[in-house]
Structures are given as structure tokens and as C-alpha cells.
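Labels for the chains are A, B, C, D, E and F, by order of writing; each one numbers its residues from 1.
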């Protein structure tokens, strides 16, 4: 059960309402996801997280779909149910098909194994051969 | 300190030597990274992990650089030092520049925060508005 | 689904019943939370965990509310649903209001990002300037 | 080994130099910790992280020492070496003595056990007795 | 909610059907667990994961029950609900009784505490006394 | 760098000295590992952790070697360097050979992948077919 009461769109005022409208516009959706309605209980957190996320997810040297797939990889590695669902949905909306999801999951699965093998055997950093 | 003795290239024989040669060829490198020399102490693990990794990292619907950046995201989220170093080096070799690394890290950092906020507030799954 | 059958208060005998009564007294509650009813299936675990927790959570140099907020921070970082719910409830009962919860969550969120940036870039330990 | 070259104070210009000076002033230190010199390689990340951290760590309903101890709890749970060292040092500077550190560690240790027991047994959420 | 549509046994063809039949035979069950029906959406992942798991879980120097208990320990430490349930059930089927489960959980709980204390205090590796 | 000063055996008195002697006797070693010298800075933690660990690691329905291998599995999954080294050494002392270590690591690696695939696809709990 959620640990705070969400701020519904209809009840939002001032800066919270402005951010809610910006979320709808930027994401091209007509509802406010529960994540944002929840953190709105503490407006400075809403402000900071939305502002950070908006600038970080804007297309740059990496496109937004690549960034969403990285968000899925992080969320899966952390085991965050809400985040896995929302970022997978977002990536699908941006064009990730079943085959791409299959590859993404296989990469995430693979390196969760090798991470543990490298730690488990306490593998030492490679000394790269000298460049000539 | 490593928990097993590594198998050096010069000491490798049979299937282990075949795999070591395949690693050099596939990766276009002329040394065997410590990870592979370490897991070679248990040949079935070497065989399985290399064979899995080779097929998973081959270009598919996602290109190899994207896959390496996802490997970095997983390794950072798990805090695996060896893996962070080796996958970051591999991604740089494949063309990731400083700006791309900056974006990758900012995405990984961002969603480690939102993952914890979503869990911390126990945010419930969104009920998507009905499609008309 | 739970992996063992819980020991209900009415069915508890001997040392388990004594501990159940101590939990009610110490916590000033009139029911046994599922966590304790569950680990009671293995009495030495119940005994050890309750005895450890009781002494660790007693007020010391840190007060009990601060300790409960730290318990929330740990549980959120681990993503443990049961624990997030129970420690958040306990902290609220001890006086944590919405604003304090908002600050707690923002701190937990923040350092989950910086932890990953520090690991992700493999930042080296600071060499502190010499004290004169 | 760090994955990017740090920006030294002497080489900093513009917005990066402004932030470096603000870090020195706000923290009352006369050097720039490696964390900040590292993320300065990507100025928008430096700007965002410093600005977020500065406002989150300002005294509010929770004092700064409590926030630093929560930062230690998060960093320990994540196993981030750089962060454990820097937040422990910061908390000591703010007044945390050995006894408080001992209590902090015992709380973090305790709930890492109970988190795993709650998950391990798949304990179900408590149904609280009805309020009369 | 699952992020892909499962492949039901009746709909399976070719290599997927062969693997489904092998799962039923090897595990001596007459249904396909959801995990396998899910990853079957990406046949190379199904093929790799089943083939790896089948050879890793075969009795070797460690018996299959010991391996399943280790699988429970890993799944609990990662907090993976599906996996905790399925590996606990598998271990029970192989002979793990309540007392063994209690011991397993107490070991997993214990070392989650000591792992955090060792990291939290940044304990240095032991220098073993010289062997005479 | 360690965050507290260790208590050396020669400097130990009272309850701390008693525990140090018990560690030497129980473990049949003639030095005190750094972990114990470190947590001795806070005697109630030393007392609690040693007493818990001693009873949990005593042979029961699971033998001590199996328990040490589970400790390795937990430590690897958490990425705790000190703990991986010390529990691997302890398991080797108790009879774990290279082949057993290879199997242990392959099991830990395997289920770190499947844990992430199960979470990543949000696989739903199996509905077991009715028992007749």
C-alpha cells in the first residue's frame, strides 16, 4: 500500500499544477502517472525529479529510446516493479519491439551473471599490454 | 586477491585453448583478459559463458555499442569494479565518447533515484485510461 | 505466497509465547505482526532476531525515531516491500510527519544516484590536504 | 582506475568554476573532492547533482547530521566504497562519535537481515486490527 | 503485469516445443512454469537459459538439493519474488524440510548483516600469519 | 581505509578479550581476523554478531561447509570483497575444492541471470495444477 496520499490532478495548484501540465505536454499523455502524483506530496521533490528527468531524457548524443532501454536495464537490475512496468511501456511506445526487448533482457541477464563471476572470483583488473 | 589461479594462454590446452583463440579473434585483441583466464579454471563455465556472451553481443536489432552501454549500466547498478572498467573500455573502443558517457551515467544515476522513490513510496501500478 | 505456515498467537507455547508477549509489551501493540509469526516457525531464529532487534532499537545515542528512519532508508535501498511498509508505519507512529518523510525519501533518492556515479566513474578516494 | 579525466580546480572555468567555488564555500573546505572533479567532465551533471544535493542536505525538518547518517546507511547498503568513506567522514565532522557510528552500523546490519528474512519467507503485509 | 505474452504449450512449435518437452521430462512435471513460457517469446533466450540451467543443476560435486538451496540464497539476497517461490518449492520437493529452511534463512540473514558491517567499516583484507 | 581503529588482541580486556579467545578456540586459529577486531570498537555489536554467528554456523541439519558455501553465495550476490575472500577461504579449509568452487560459482551466476529475467519480464507466480 502506498505510504502517502497522492495529489490528484484536480486538486493540484500552483507549481504542482504547472508541473503536472508540463508532464502531460512533454510526455503527450492525458493522465498523470501515479509516480508523479505520489511525489507531489513533497513539492520540492516533484520539482527536482521532474526537472532532472526532463533534461536527462531529452534527445542528446543518445536518443530517447536508447535512454529508456537503459532505464529498463537499471530498473530490472534493481528489481523495481513499478519502474520495470513503466519504462518497458515507455520503450515500447518509442518503438521497441518484442525482438529488441528479447535482446535487451538477454544482455541484462548475461551481465548480471558475469558481474557476479568477476566479483565471486575477485578477478583483478587487466594490465593492458603496452601500446607501441 | 583472486580466489583461484588463472589459466595462462601458454598453459591452455584443448577446448580452453580453442576458446582463448576464439576470444582473441572475435574481440580482435592479442591478450586474454583476466576474467576469461580466471573462469578457465572450470572449463564448463568458460565454455558456457563465452558461448552465451558471444551470441548475445553479436549485432542484432540492437547494435554492439548499445549492448555495451547496457552492460555498463548493469555493472554500475551492481557496483562491479572489474566489469565497470572492462565494459567502459569496450564501449569507448566501439565509439562512445565523453559526452555519451556523461549521458549514460546521468541516465543510470537518475533511474537509481526514481527506482528508490517508487519503491520507497510503494507507488501502485498505473491504471491506464481506457483506449477508445 | 508465504513459504511457511505462521505460528498464530493462540497456538504459541513456551519460549515462542514468551517472546510474543514481550513483542506486544515492548511495542505496545495487541497483535503479532506477520514477520514474527512467520519466523516463529524456527524458534532459534525468532529468539535471536527479536533479542537483537530489541536491544538495537532501544534508545541510545540515537533515538528510536532516527533508528526507524534509518531502517526505512535501508529497506528502500533493498526494495523490501514488507519492511518499507512496516518501518514507515513505525516511524509515523513515533512522530515522522509527511514533510519528514519527504526529506527522508529525497535523501535516500539522492544518494542512490551519487553512489552509482561514484562507482560508475570509479572515483578514487580523496587524498586529504595535510593538516598543519 | 577512474574512467574519465578529472577537472582540476585550476583548470575550471565558467559555470564549473562557479560551482567549485560554491562547493568550497558551502562545505567550508579548501579543496574539491574527487567526486565533483570527476563529474565536472560533464557540466550538466555537475550542475544538477550539486544543485540537488545542496538543497536536499540543507537543514530542514531533519538536521544535516541525521541526513549524513542516512547517506551512510544508503551507501553501506549499496556497498559504495567512495561514498561510505566520504559520508562517514562528513558525519564525523558534524559530530558523530564512535558510539553513534556503532549504533548506526548495528541498525544498518540488523535491517539488512530482517529485509532478507521478510523477502525470504515472502511475509504478507499485516492486516491491522480495526481502529475503534 | 507481465511485459510479454507467454507461449502456451499448445501453441509451441519446433525448437520451443522440443525444449518444453525436455523441461517436462527433466523436471518430471506436467506443466510448463510461467518463467519458461515467458522467455519462450525470444527462442534464443529460452534455448540458452534452459541449456545452461539443465547442465548447471545436474548433480556434480554438489548435489541438486544443495544447488537449489544456493539458488534460494541468491534469490532472497536479490529479493526476486518469483524465484524465491519457485526455488523454495523445488528445494522442498527435493527434501528440504522446515528445519533446513529455517537454517538456510538464518544463514542468509546472518551474512547479509556481516556483509554490510564489513563494507560499512571498510574492513581491510586479513594478512594471514606466515605459514611455518 | 577503515572508518574506525581496530582493537588489537593485546589491547583487549574484559568481555572483548573473552570473545576474542572464544573466536580463536572455536575457529581454531591463532589470530583475530580484522572483521572482529573492527566491530570490537562497539562491544555490544561484537557480542551480538559473534554469538549469533557461532550458533548459526554450528552444524545442524545443514553441515558447516554447506553453510559456508551459502555464505559465499550471499557475499558474491552482494559484492562484498572482504566477505567473499574470508568465506571462500573458510570453505576451502573445510574441504571445498576447485571443482566444487566452480560449481558453486556457476550456480550463483546462473540464478543472478534468471532472477533478473523473472523480474525483467514480471513473470507471474505459477498456478500449480490441482493435486488429484
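Going forward, a residue touches a chain if its C-beta (ideal position, glycine included) is under 8 Å from a C-beta of that chain, and two chains touch if they have at least 3 such contacts.
The structure displayed is predicted, hence computed values, not measured ones.
Taking the definition of touch as given, a chain qualifies here only if it contacts subunit C and subunit E alike; those chains are A, B, D, F.
Comparing mean CA positions across the assembly, the chain most remote from subunit C is B.
A count of contacting C-beta pairs for A-C and for A-D identifies A-C as the more extensively joined pair. Mean C-alpha position of subunit D lies 34 Å from that of subunit E.
Spacing of subunit B relative to subunit E, judged by their CA centroids, is 21 angstrom. Those residues of subunit C in touch with two or more other chains are numbered 1, 3-4, 39, 44-45, 48-49, 52, 56, 77-81, 84-85, 99, 103, 105-106, 108-110, 112-117, 119-122, 125. If you check the complex, the residues on subunit C that touch subunit A are 79, 84-85, 88, 98-99, 101-103, 105-106, 109. Subunit D contributes residues 1, 44, 48, 52, 55-56, 125 to its touches with subunit A in the complex. Considering their complex, residues 72, 76-77, 79, 81, 84-85, 105, 108-110, 112-117, 119-122 of subunit A touch subunit F. Taken in their complex, subunit A has these residues touching subunit B: 1-4, 30-31, 33-35, 38-39, 45, 49, 52-53, 56-57, 60-62, 66-67, 69-71, 73-75, 77-78, 80-83, 85-87, 97, 99-100, 103-104, 106-108, 110-126, 128-129.
On the subunit B side of its complex with subunit F, the touching residues are 1, 3-4, 39, 41-42, 44-45, 48-49, 78-80.
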